[in-house]
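Right after this note come the structures.
Presented sequentially are two complexes of chain A, the first with chain B as partner and the second with chain C.
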Partner chain A sequence: MNISTNNLRKNYLKEVALDDLSLQLEGNKIIGLLGKNGAGKTTFMRMLAGHFQQSSGTLKVNGQNSFNNYEITKDICFVMESDNFNEKFSIKDVLAISAEFYPNWDHEYAEKLIELFQLKKKQKVKNLSKGMYSALGIITGLASHAPLTIFDEPYIGLDASYRSLFYDLLLESYQQQPRMIILSTHLIDEVSKLFEEVVILQKGRLMLHETSDDIARKHLVLTGSSEEVDKIIQNKQVIYESTMLGQKVAVLFDEEITDVGSLKVSRASLQELFVYLTKEEVKSYA
Partner chain B sequence: MSNSLRDDIPLFQQIAEMIETSIAEDNLTADEKVPSTNELAKYYQINPATAAKGINLLVDQGIIYKKRGVGMFVTKEAKDIILSKKKENFFKDFVKPMLEEAERIDFNKKTIIHWIEEESE
Partner chain C sequence: MLKQVRLNLFYLYKTSIRSILLFWFIYLLFIGALLVLTTIIGGGMQFIGVNVIPSFIFTIIFSIFFFKDTFPFLIKYGTNRHSYLISLVIFTLLYAVGMTILSHLVTNIIAQVVKLFQIENFIFLGMDESFEIPVTIMEVFIFEALLYALLFLLCSCITVVFFRFGYLLGAICIAPFIAMFFFPEVVEKLVGLGKLLALGYEEYHIGVYFILYAIFSLIIWLLIRNASILDQTK
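So, the complex of A and B:
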């Protein structure tokens, strides 16, 4: 699987949802797609899935544009937060339609998943609780075996236990049939360990695309006395700093530092880094 | 094995360290099979590539070896390698931080020595 965008742009009337996005993704990997609300994640995923055309720029999935192109969309399963299924259908109908659409659909596996998530096939979509609805989306995504499977916040209403089950199933399914899985989420702490690569969008643009290893390696959290920290972080790319009780914490990104003196060096979690990289300053109104 | 991983140390390193600890404590012995990358990935809910990197770290140090199509196994020298590594790091990891803390709180070194002697009797 191979995704390539160049100067990709999408406007909704005057709103710019994606602005000059150039991004290359390839191989069988689990990729985390992160960004604040309104960063353009869902727009990007919907365009990958061929839901609508771009305003300008290029978008290629395995060399072709996915819009109105079954050759490509049969290989893409996109599970959204909501609006995945027609309310009139029963779970059985949903599975039958999915089986028609996705050439690699695994019927037995879908049946097994229905049991695991304790759904009943006769139930109508409109009568499902939020959690059960999400479970049905997850089941579709996993059983599709689509070479590109995209999950956009697939677990609204699912409790921690079922979310953990989803992570187990995702890993198992990925190991049995490696494919490209894009997972967009706000629950970064829960899933960051699953990611091989991470993409962060900010205001419709690409902010960061790195392997998880590189993100961990490329940042430093320095702690020590204010003077010492200030000396070292001069002219460096500081993404976060704060001082309390004479102790200063500074987070550097993409900087090589050989000598930190007596400062303590540690690492931040992906979720913390995400917040440091994307947070707006709170302006005081006092 | 503890099921919780920390944020401040690279995951692959933690995987390698947990296997090392398991060998040092004789839970895994020479020529015994080490959990596969898939098993590790599933147990810790981590990306299989991360688990593989941790395993490779140990292969590079001669602590485990791969048998094609069968799996990974503990080498005969594994425990010696791990113990000598742990001995090398003992001063840096345990003694130095203790002495630094003692100095910070103005603590008498003789008392520490006395404790050690008493404890090891």
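So, the complex of A and C:
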């Protein structure tokens, strides 16, 4: 799969959801799509799946527009946190319909997942709890084996143990059938190890697109006395700084520091980095 | 495209079959209850040609919800908007034929029960008995099916307008058509044109129905060809 956007823009009436987004995603990998609420993640994923058109710019999936293009959209499975299924249906109906619509549907795998998540096939979608509904979405996404599988916060209502099961299954499914999986999440710490690439959107714009390795490599957390830290970070890309009792913590991004003196150097988790990067005062790194 | 239409029809079937069968089951139960009541209490009941009214009301309600129940989900499953329109038109025709068959079946079941138990104070006759001029059962069958399809497409069309533009803009779009009924000259002309659609009149012509189907389908097509699944309009 190959996704390419150029100056992509989407307005909802007067509100700008995506603004001038240019992005390239290629190959089979698990990509983390991060951003604060309202950053434009769902809008971007919906456009990928052909739910609506962009207001301007281009969006190509395998070189073609995905809007109204069955050749592209048949290979996309987009699981959202809600509104995935008609509430009239039973789980059995949902599986039967998914089996028809997704060309690579794995029936046996779906059955196995139904057992794992302890769902009853006769149960109606409208009677499912939030967690069970999420489980059904996850089952659909995983068993679809769609070349582009997109999960948008698919685990709402799932407890920690089922979420952990989902992450294991996601990785297992990816290893057995490598494909492009885009996972949008707010629980970054839980899934950060799965991501090969990370895309961060901020106010509809691309803030960062890096491999997970690069993100880990490119940042530094410096801790020490205020004076020393201030001296080192002068004229540098500082994405976060805080001072307490004379001790200062500063996070640098995409900077080379040869001599840190007596300062303590450490790494932040992806979640911490995300928080630092998406704070309002941080400038775009895209 | 054929594959998409086949998939869409499968989804439309899955969405609708239970509601349709449930309606006819409840309807049959209701008529059955009236029959039993008439037999027990005595007195008399006559239903001539009105058996289609509940099913027409059902068609209106069913078609109002149908678009919202199907269009966004089918687009999410990956089929495109062109195939949706084709599937909707095919489904409408199948629905019309199916409802007509079920309607006649119910009428016949009731008639057989009445005959079997020799119930004389309960008269339940189909649409074919309600015309003043002689019409064949096939003519009535076709007329009934045409009406189902017309109602279904008309209501779908109105629903699509509201789905696309929201309640306010949708109401503004539809208001001129409703406003026409406040002008007696227009109403007179519409009644005249209505004869083209009414079995039993000399002016009646099946082709007019298909012209209307084409018009409604075209309107739906224009509204959904670029529609967002969230539309209003996004």
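Just so it is clear, the second predicted complex is superposed on the first by the 279 of 286 C-alpha atoms of A that agree within 3 Å, B and C clash if a C-alpha of one lies under 4 Å from a C-alpha of the other, contacts with A are read in each partner's own complex, and residues count from 1 in each chain.
Here is the rule we use: contacts are C-beta pairs under 8 Å (C-beta built on N, C-alpha and C of every residue); 3 or more make two chains touch, one makes a residue touch a chain.
Every value quoted in this text rests on a predicted model; they were computed, and no experiment measured them.
K.L.:
So, on chain A, is it clash or fit between chain B and chain C?
P.N.:
fit
K.L.:
Tell me the contact category for A:Ala216 with respect to chain B and chain C: first, second, both or neither.
P.N.:
first
K.L.:
For A:Thr243, is the partner it touches chain B (first), chain C (second), both, or none of the two (neither)?
P.N.:
neither
K.L.:
Taking the superposition on A as described, I'd like to know which of chain B and chain C A:Lys193 touches: first, second, both or neither.
P.N.:
In the superposition, A:Lys193 contacts chain B only.
K.L.:
Which partner does A:Ser269 reach: the first (chain B), the second (chain C), both, or neither?
P.N.:
first
K.L.:
Is A:Phe78 contacted by the first partner chain B, the second partner chain C, both or neither?
P.N.:
In the superposed model, A:Phe78 contacts chain C only, not chain B.
K.L.:
Quick one: classify A:Asp93 as touching chain B (first), chain C (second), both or neither.
P.N.:
second
K.L.:
Is A:Gln53 in contact with chain B, with chain C, with both, or with neither (first, second, both, neither)?
P.N.:
In the superposed model, A:Gln53 contacts chain C only, not chain B.
K.L.:
By the touch definition at the top of the document, which applies to A:Asn6: first (chain B), second (chain C), both, or neither?
P.N.:
So A:Asn6 meets neither chain B nor chain C here.
K.L.:
Identify the partner contact of A:Tyr174: answer first if only chain B is touched, second if only chain C is, both if each is, neither if none is.
P.N.:
A:Tyr174 contacts chain B only, not chain C.
K.L.:
In the combined three-chain arrangement, what's the angle at chain A toward chain B and chain C (CA centres, steps of 10°)?
P.N.:
Once the two structures are overlaid, it is 150 degrees.
K.L.:
Between chain B and chain C, what is the tightest CA to CA spacing in Å in the combined model?
P.N.:
The answer for the closest chain B-chain C C-alpha pair is 29 Å.
K.L.:
Can you list the chain C residues touching chain A in their complex?
P.N.:
Listed in rising order, the residues are 4, 7, 10-11, 14-15, 18-19, 69-70, 72-73, 75-83, 225-226, 228-231, 234.
K.L.:
Quick one: in the complex, what on chain B touches chain A?
P.N.:
Touching chain A from chain B are residues 5, 7-12, 38, 41-42, 44-50, 53.
K.L.:
Across the complex, what residues on chain A touch chain C?
P.N.:
Residue list for chain A touching chain C: 12-13, 49-53, 68-70, 73-76, 78, 83-86, 88-89, 93, 96-98, 100-101.
K.L.:
In their complex, what parts of chain A are in touch with chain B?
P.N.:
Chain A reaches chain B through residues 29-30, 164, 167-168, 171-172, 174-175, 193-196, 212-213, 216-217, 266-269, 272.
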